[in-house]
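Can you keep this structure in mind? I'll have questions shortly.
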Amino acid sequence: MPDDHLGLDWPDTTIANLGPAKIDSPLVKSLPNAGFDRYSEEHCRVLINPYYQPGSEMQTDPPSFERAGPRRKIYFDPAKLKVAIVCCGGMCPGLNNLVRAIVLQLHYLYGVHNIVGVRYGLQGFIPDYGHELVELGPEVVMNVHGRGGSFLGMSRGPQPVEDVVDALERLNIGLLFTIGGDGTLHAAKVIADEITRRGLKTAVVAVPKTIDNDISFVEVSFGFQTAVEAATEAILSAHNEANGAPNGIGLVKLMGRNSGFVAAHATLALTDVNFCLIPELDFDMEGPGGLLQMLQERLEARGHAVIVVAEGAGQKFFTDQERGTDASGNPKLGDIGTYLKETINRYFSEKGITTNLKYIDPSYMIRSRAANSNDRIYTGFLGHHAVHAGMCGKTDMLVSLWNNRYVHVPISMAITRRRTVDPHGGLWRAVQEATGQGSLRNPA
Amino acid sequence: MPDDHLGLDWPDTTIANLGPAKIDSPLVKSLPNAGFDRYSEEHCRVLINPYYQPGSEMQTDPPSFERAGPRRKIYFDPAKLKVAIVCCGGMCPGLNNLVRAIVLQLHYLYGVHNIVGVRYGLQGFIPDYGHELVELGPEVVMNVHGRGGSFLGMSRGPQPVEDVVDALERLNIGLLFTIGGDGTLHAAKVIADEITRRGLKTAVVAVPKTIDNDISFVEVSFGFQTAVEAATEAILSAHNEANGAPNGIGLVKLMGRNSGFVAAHATLALTDVNFCLIPELDFDMEGPGGLLQMLQERLEARGHAVIVVAEGAGQKFFTDQERGTDASGNPKLGDIGTYLKETINRYFSEKGITTNLKYIDPSYMIRSRAANSNDRIYTGFLGHHAVHAGMCGKTDMLVSLWNNRYVHVPISMAITRRRTVDPHGGLWRAVQEATGQGSLRNPA
Amino acid sequence: MPDDHLGLDWPDTTIANLGPAKIDSPLVKSLPNAGFDRYSEEHCRVLINPYYQPGSEMQTDPPSFERAGPRRKIYFDPAKLKVAIVCCGGMCPGLNNLVRAIVLQLHYLYGVHNIVGVRYGLQGFIPDYGHELVELGPEVVMNVHGRGGSFLGMSRGPQPVEDVVDALERLNIGLLFTIGGDGTLHAAKVIADEITRRGLKTAVVAVPKTIDNDISFVEVSFGFQTAVEAATEAILSAHNEANGAPNGIGLVKLMGRNSGFVAAHATLALTDVNFCLIPELDFDMEGPGGLLQMLQERLEARGHAVIVVAEGAGQKFFTDQERGTDASGNPKLGDIGTYLKETINRYFSEKGITTNLKYIDPSYMIRSRAANSNDRIYTGFLGHHAVHAGMCGKTDMLVSLWNNRYVHVPISMAITRRRTVDPHGGLWRAVQEATGQGSLRNPA
Amino acid sequence: MPDDHLGLDWPDTTIANLGPAKIDSPLVKSLPNAGFDRYSEEHCRVLINPYYQPGSEMQTDPPSFERAGPRRKIYFDPAKLKVAIVCCGGMCPGLNNLVRAIVLQLHYLYGVHNIVGVRYGLQGFIPDYGHELVELGPEVVMNVHGRGGSFLGMSRGPQPVEDVVDALERLNIGLLFTIGGDGTLHAAKVIADEITRRGLKTAVVAVPKTIDNDISFVEVSFGFQTAVEAATEAILSAHNEANGAPNGIGLVKLMGRNSGFVAAHATLALTDVNFCLIPELDFDMEGPGGLLQMLQERLEARGHAVIVVAEGAGQKFFTDQERGTDASGNPKLGDIGTYLKETINRYFSEKGITTNLKYIDPSYMIRSRAANSNDRIYTGFLGHHAVHAGMCGKTDMLVSLWNNRYVHVPISMAITRRRTVDPHGGLWRAVQEATGQGSLRNPA
């Protein structure tokens, strides 16, 4: 779904024109097994900003991304290349399909037969964990495309870059595919930098994965649509629960640490939601314009209500102490779902109003679901383009969809900042119209 | 699914032969709009115990249920009859379909056009709650059959029987359909008794509703199969989560306060479950045969594990104080899901073993789901048979399926005790074979 | 779903008391890997007729089936036994689950490790076809339970019994599981007879498979509920098509050569059907009471109509010549779907009435679907009971569900005649009420 | 899914810069019920060609589309405006959602309360058909979003433009929304032209609808993803059928008269397809490189095969006479599905090779399905943007998605020619890699 953002105020679009880095090219071969009569040439680029104002002067050398696709010449010798694939972070629909697409494309199109899967994320590079590598070929991945989850396994958190690159050297990996979100992109960048520092010829190609849909310059992340479909089922349950009891309240917590895309889209898909709370939009709890008063008015008018909250919303209601920090010392999220449940129950209890709140947290059931057909197709293309990019020596970059075209995005651009719901854009406007929730803010 | 129970040791089967009570029959009409050439005669009965041992003597006047079905003569005058329908207790797939079937059968087959829906359970009878009645006719119920939840609303808990019967008198209800579980059956019985005491001519017909499938003399409860299907999706998620992380543990809490039927059946449908814990089977937590040790061995052997626990399992791990009591002073259930999660995490943490436990509680998403086609058909038959029974003046009874035949069961029989999983029967044997979990008990 | 049939007029119920045949028992072992404390004893039987009329005398030695279940003593030596499994006839949801259940039960419970799958039905026994056998073990069947179709393959039609038994001898098969419908049961009986004639010690255990649900003394066939669920989706499409066009007619052909159970149940699940045509009920096309006139009245009243027709309905509209015969010389079915489509279109065209008929034939999409959770569970039990029966030397019998209990049925009983929808029973009564279609017959 | 087409060789892109027509604006009001702080200004446009070649000069006044969105000033007076909505052509998932979105946006955002639905396509304007108009308001459309089909009804074929515009005048319609494909766009253009000729102030806003996804300058049509998901289910059935029989062949006919997008995408989603035949790619039947020989080789190698064919493929195998013409004299499509079935069966029969071909035509089940969540969201945005466009007086245009942004496209551009699968683009390359089908052409 389109983002209304003009893209003009992105701070770092000039970096785009540098293009993705390429490792040195002493060896250049032609694409084997080809039979295609059309390649995507590197000098064809996609404008970052597709908008245009008649009368305004066209920018010279405007920010643009390199177009993705198979190239006439490849860098690596398929017969000698060893490839590694690693999935990091949290689960997301489509992971198995993506790994499958990469393996099949490497195997059948490029003739690369030496492919290993790194188990359980970056942990798989660190010998202490004792995770074995998995040999990957057509027979291993052929039937994984109907399964949710990640057959390679995943894990969160960083590992020492030296150890990872040591492993790449030790295993003689020439091309590494990293599948992951913001943290993984940061890690991939650091790995690529260390590779450069050591003067190695290993390419690092990232495929962006985020069920929150929150990576910049990625129009829509794979698995997102599947997640929204699953989220609507949870909301429908909440709606049924709310309708089935006097003063019924259905409360659904959805994913979205920094960005409320899942919550906003699921709200639009069902139109049974009365309040949609996301990290990007502040809201008041108390007071005449606050959530509690608005909720009470809704109950008085209709007898039931449905609330959808993204996990990163309302973090102002927690102190840093309450939220705690994770292993890396980063602040964790306060549990806004439970907080809302308790706050709402206490509010109505104090008012002597009997309500029936049902709280649903479907996150694991959403993220472990098998990809729908659209996400299967999309992961197929992402995998193919990642392979095309890697085989011709691109590195320190990710494959992405921009203006509905597949492009190469330098990692440093994608990690500049999170992609978020534009409070003034069309998506949020539609959510406001669908819910009629107003600002949920008290007058200043 | 069949229960292996012989039925021979049920304490009260002799009551069956008394048949359901019938209110007095000063007025007896023929079934209108008929056109049927075959009725179910009252003297045809269904044996409670279908087993037989050659050589053993056949019992004279063996325990049996009255067969359900339309009768040649009806008691109520359709033109004058006013009917009420009430749904009580917790949500269950198929409620709307059942109400729809009752209304359409009354309207089209018997010509009863005065039907009201009582909102929010027994509360709807009590004026203080202020819930309006809903007029029910074909146009109201025509399109509810694809929706989950309960469009009439429901509530838990008893209401004073005098007030309920006062309402029946005030509203001039001649036939009351109560849809609910064990508590509702108790209430229906008390209401029927009070009706008798007052000398009223109001019939009370119950349709058993229990997502736990735990009502005696009900072979399978409506909504149960839909619930099992939904439960398998949660277990599949747990399986995917467990497989996707090093030492991954998927823990799913399912419904089942006294009876583990949902947990047992869902375990058999997927065969990805390693431990299935139900209220009927005691298990040890600590010790060489206990859950924790067995779980550790499973993780060491396979790297991941899936646990399914019914909400009523393992209650011995809670003191009465911890469990608390509900509004009526009855003990509540300890939260075994959270308890297991914390106990397992602490156990492995103390052993220095890193595990990744994901806890899924899908209960609201299961119970609010729309009925599958089988439950739609089943609720249709239950509704029709409830109407047939009520229209010919049966009272203080429920419609049920027994030996795969529709029968009338006196309420007093169905509430004698809960139906539970037989630890020595075929269902539990199959679960044991599917999970390989052993007894989970320490040697004495 | 229960059949209202009293069962009393079945011609051959006395044969039941003979019990399934047993092959000689020179070797009797105890069940290995046991750990059960409860077995199903052979002398416990299940009454065929569960009905009872008070006052009537109880029948001495009433017709009954042997109860299924594990026995204390088994006939075959698991270490030496070789087992074969064959699927015959048409596709049906649950086939893979059933094969899986048989293999896992043999392997893990009884310790039988020599199991072969016969490919493509009885063809797989005939060397000329060149189909290789498949070795079956846990690793082969572990992941087939989510797939529709039949991974072993199937085929229709008989093969020479001598060749089949020659193959059994040559392969040294001690226990053969046949999965199939009426034709397969006949074949299994002939094979068992030939085995007896040759004095072999090979047991033949059948599991009844019929998506039409038309085998006698099988309460419900596996895959039937899944098929009904799938059929409702086709009917919903027909309903949407009919509603979307002026004088829209949705026509759906469903399976049901001799018995209209799928059509009848799917009609009840959706309640959008106006005419349900099944083989058991004759109907007129022309005339004041015929389908065409009734359809016209429906269109005039409501502007759209949905017709469901079982493939075996209306065969009187075809001559034997039009229907043709199959390879075995048996008459084939006339294509009633296409016939109805053309007849209806012609009728309205001649009347100058514009209609929009959409014809849907979803049969392949129904029968190749993966089993739902209930059919997964059911095939699990059927598979287990088939293994229990075979391991203790039962032969010439099938496992079945009767009065909601698992039983052994002699093949000769099950093939006496087809199970059909009782025109006077509760199922058809419900269909009539749901459709309001009347008799569709002209007055005599 | 992105089309690789550069868009540079579109013949008529210059027309884009003319922008959509606008009816005269004597009355200009501000958007009521607003509360937005951000509008989409008309002078902001979206480039048609987002590609860029460094070093090449930027085009002055490049072809671009007007950006869609709410405007600060509207043309129509909501209190006086009467709006009509009409759905034309074939069924498509999402129709009801789209009508719902238009009605709710008109009602709640703009305060337009006089909205009528025209039944059964353009027929609804012609009095002779006798179709009544439907008053549309929130209560009518509130619950249609979960239903497939079209509650307004549709019909194919043109109606006399004078009669349609007469009806618009007679009904005093100020704003007409037409929902339909290529034919409907042509009709909308003719209607708009006639409106201009008569000097009326009626705006005509089109929403493109095509399950074939074949309208130019529409990146993806609503309902397409839902259709692809449904198509994959049919292909999975074909796969199961093919695997279940010796030399099994599954043949699926999908929609796609001129464009094979559904077939191509469904092929990519499942990766069980061996041959994908679409209108854009010629193929030979006979000869060493033809389909029959390739199919035989596939069967010899693997024993089964799956073929997907779009309905418009292989039309060269039919004479004009065989294809016939429709009511308007346009050539109809030859039935390629049946032709393939018969040709393949005859081919193998003549070679003495037994095969089992199962032919599946799921079209009605695909097109009448309810929209998935993504298509629900998409139709919501399309409906909103159509209303924004219409309310500020745009006419003779359609709302579309281009470069993932919502835009206004002049109808004359969209009907220049059909959008088709680029035989040299990435989509077809992926299909070729997934199927390995080669060119299916004989050497010249």
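To keep things simple, chains are lettered A, B, C and D as they appear, and every chain counts its residues starting from 1.
As a convention for this text, a residue touches a chain if its C-beta (ideal position, glycine included) is under 8 Å from a C-beta of that chain, and two chains touch if they have at least 3 such contacts.
All values reported here derive from a predicted model rather than from experimental measurement.
Listed by label, the chains touching subunit A and subunit D alike form an empty list.
Taken over every residue number at the interface, the positions common to subunit C and subunit D amount to over half, indicating a same-residue contact. Chain centres here are Cα averages; for subunit A and subunit C they lie 47 Å apart.
The geometric centre of subunit C is 42 Å away from that of subunit D, both derived from CA atoms.
The mean-CA centres of subunit B and subunit C are about 29 angstrom from one another, to the nearest whole unit. Touching of two or more other chains is recorded for no residue of subunit B.
Chain contacts here close into one cycle, and each chain has exactly two touching partners. Subunit A contributes residues 91, 119-120, 123, 129, 131, 147-151, 153-155, 233-234, 236-241, 243-246, 248, 358, 360-362, 364-365, 368-369 to its touches with subunit B in the complex. Contact residues on subunit B toward subunit C in their complex (touch as defined above): 1-4, 17, 36-38, 43-47, 50-55, 58-62, 64, 67, 69-70, 105, 108-109, 145, 219, 225, 228-229, 232, 265-266, 268-271, 372-374, 376-378, 380-381, 384, 401, 403-406, 424-426, 429-430, 433-434, 436.
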